[in-house]
Each structure stands twice: as C-alpha cells, then as structure tokens.
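I have placed the structure first, in the form of structure tokens, so that the comments after it can refer back to it.
Labels run A, B, C and D following the written order; every chain starts at residue 1.
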C-alpha cells in the first residue's frame, strides 16, 4: 500500500516554520517544501537527516496548523508544521 | 506576703494605651493610673470591672513596654501596658 | 523594612526597593478595600495601629521571611481613613527564583494579618461601623501567650 | 488576556486591567532578567515566540486559572532583546481573597514556563550565546503528546 501510494504521488507541499535552535541550525525561519513523509514524525526525521538538527524528536514538541499535535499526525497538502524546541519563557 | 506587700504600699503608677474597640469603650486613647494589681491580667480584670470592656482577656493579647507579654507578667512602676484586641490588618 | 503610612502607598517606590541585579523574580501582594465583607456593603474603613509594636513585629516577620532564601522584602501598611479600591497594604519580595518569592510573600502577608497590632473599623451602607474581628470576640492568633 | 510585546511592559496599565471593586487581593509576578544563570554571567538576552500558538496557549492557561475562583487575570510576555533588570514577563491576578490570587498567579507563571512556545537565548560575558534548555536536549514538558 505504502509503495503504491508513494508511486501514485504521495508528495505534498507543506510549510515549515523554525524557531530558536532549529532556526539557527536550519539557517532560515520558514520554508515551503515538498515531502513524501506521511506523518509529522517522518517529516522531522527527513529534515533532521538533511539539516543535522541536534534535537531528538523525543525532546521537542510539534504543532500542526498552530495546534499542538501528536507525532503520529498525518500530513496534508498545505499544512503548516512547527517543531517546538524545549520552551524557556518567563 | 501578698497582704503585707499590699499594706506596705504595692500601688504603682502605670500608663495604659487603648486601641480600637477598647479605646471606644474606654472613651480615651491613653491614661496614667494608679493600681494595686500585681500582674497585667489583674490590671485588665480591674479595668474591665471599671469600664465594662466586652472582650474577655482570653480573646485578646497584651503588651508590656512595647513587647508582647504573658498575662502573668508582673507590673512595675512606670510600665506601659497595651491590651491588644483581635487584630485585623491587611 | 516594615512601615506604616498615613498617606497613599507609593507602589513604584516600594517596588524599587527590592530591585537588584541578582533578582529573577518579583512577587507583590496588595490588599485593596473591597465594597463588601461578610455579606455587608462596605462604604469605607479606617485602620488604627499600635505603632511601636506594629513596626517591631512587622520587621520581625520580614526577617523571618529570610528563611525562604529571598533577596529583599518590604511592606507598607496604611493607617487612617480609606475608600473603596484604596490600597491598604503592599508586600514586595524579590528572589533569584520564583518559588521562593511566592512562598515568602504569602508568608509575610499571612503573618502580618495574624500578628501585627493593626485594627480595621468598617463603615457600612446603613452608616453603622464595626471593629472587624472584635464583634464576636474571636480568639486572637497573634503571638498571644495567654 | 495573554499577549506578547516587543516593547517594555507597562506594569501600571496591566495592573489597572484587573482592578475591580469586588477585589480585595492583588498578586503580581514579574520575571526580571538576572545577571547570572546556572553559574554563568549573563549580559543580555533575547526572547523569540511562536506567536500564533503562544497567544492561544497563554489564553488557555488564563482560562484554566479561573478554576481558582479569581476575578481577573492577565499576562504579558516580552519578545526581542532585553537587558539585565528588564521585565521579561508580568502576571497580574485579582480576587476577593488573597489565597486564590497567590495560587492562581503561581499556577499561571508555572504553566506559561512549561507550555507556551517562547524561547530564550542568553548572551554571556565571553560573547557566546545559548538557547536556554536546548543545549542539553531536555525533555520538554509543554503539552507534547509524543
């Protein structure tokens, strides 16, 4: 199934915003990118492989369309994804 | 002993300051008075009998020379006594 | 430092007293005159203090609050006539971390209310007045050693 | 209301938002930029916020604080560059009685620090910088459902 979906063109365009350490390591604050990842976790691992993010996914949180989300959440076309490093407000 | 001391002139002059309800019931803020009471408790009971203070000594505190004191504390010449109704600061 | 004031409390001046570069946390408590108390409509009130002992006991409480590892703590309490909304008391505390400032600030105001010889007379909508806590002759909790 | 501000926080304006005639107690918390953190000398810092989610989560926390029977609560958090002594965050709470205001104010600042997506980069005396909490890859506590 997965292979079929992939072949059928599972690719989608999503927007990713970066903050704090991730912004520093990526070198930019926001980008639109094409991905075949089906969940936000897969997307993080894909980007981590590409940009060498030092933070493990288990030490950060993730937001999908400006709401906190599970790592297992599925990605859809035009989604906005934000990876959230450990916060330090206050 | 007590009788002898009394006869020998156990009387002393003390200053009593009144606050809040006690000031209202006494009708003045401060007075010097002569007393034969030997403890602050005796003094309160003496004044309560004279002025009809509504507060029982067990519901108030007492200060002798600007320090909180035990009710059993002895009175000396020129002592300053303040009876302290239940406080309500803040 | 604990002090009494017959004039409105200058909140900014008090706050500036606890400002230090080591301070990461600041907690302030203010007591405001409410328009009601125990179901009665309050129109105004008056605070009376036994000044010599109040200042002594207030400062003792501020010293005791040092056990919470705070940096600085101050308190001013009003005396005289106050209106609805007026500030009756203000406690300010600074510390390196916030937990200590919260605990110390609450400790200070709790102890002040229990131990410092200050009395409050409320005036009600019908014109009557009452010395708070005195009416029912409650057992006082302020260091009474009876 | 929870808001972010790129300009200095106006403490008096924020306080006036919680002023009501029913309020007998007011508790404020301010976070100030300290000159040191974990043994290092701090010379300045910068806050960065994920604004859309920070405002949403901050307001959620203020609503949750209503469980303490308070009257009003507000919070402003700074963004941008701050100097030593600057106010980074302020929480103000009013209530009829003091206990509730203390508990709610501490709850609000604790939850903000845990859950609101705001990050702090410290600059040290040697010129180096560090994103606080990121260096060691601590497990985050903010509503992460991983």
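Going forward, a contact is a pair of C-beta atoms (placed from the backbone, for glycine too) under 8 Å apart; a residue touches a chain by one contact, two chains touch by 3 or more.
Quantities reported herein were computed from a predicted structural model and do not represent experimental measurements.
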Chain D omitted: connectivity of the other chains:
A | B, C
Just the number, please: Cα centre separation of chain C and chain D in whole Å.
26
Distance-wise, how many Å sit between the C-alpha centres of chain A and chain C, to the nearest whole number?
52
Expressed in whole Å, how far the mean CA point of chain A lies from that of chain B is 78
List the centre-to-centre spacing of chain A and chain D in whole Å, with centres computed as mean CA coordinates.
27
Sequence positions of chain D contacting 2 or more other chains
31, 98, 109
When you check chain B against every other chain, which residues touch at least two of them?
90
Which chains touch which?
A-D, B-C, C-D
Can you tell me which positions in chain D touch chain C when the two form their complex?
19, 21-36, 84-85, 94, 96, 98, 101-102, 105-106, 109
Which of the residues in chain C end up touching chain B in this complex?
31, 47-50, 52-54, 56-57, 77, 88-89, 109, 112-121, 131-134, 137-140, 142-146
Residue set of chain B touching chain C in the complex reads 17, 19-21, 23-24, 54-63, 66-71, 82, 84-90
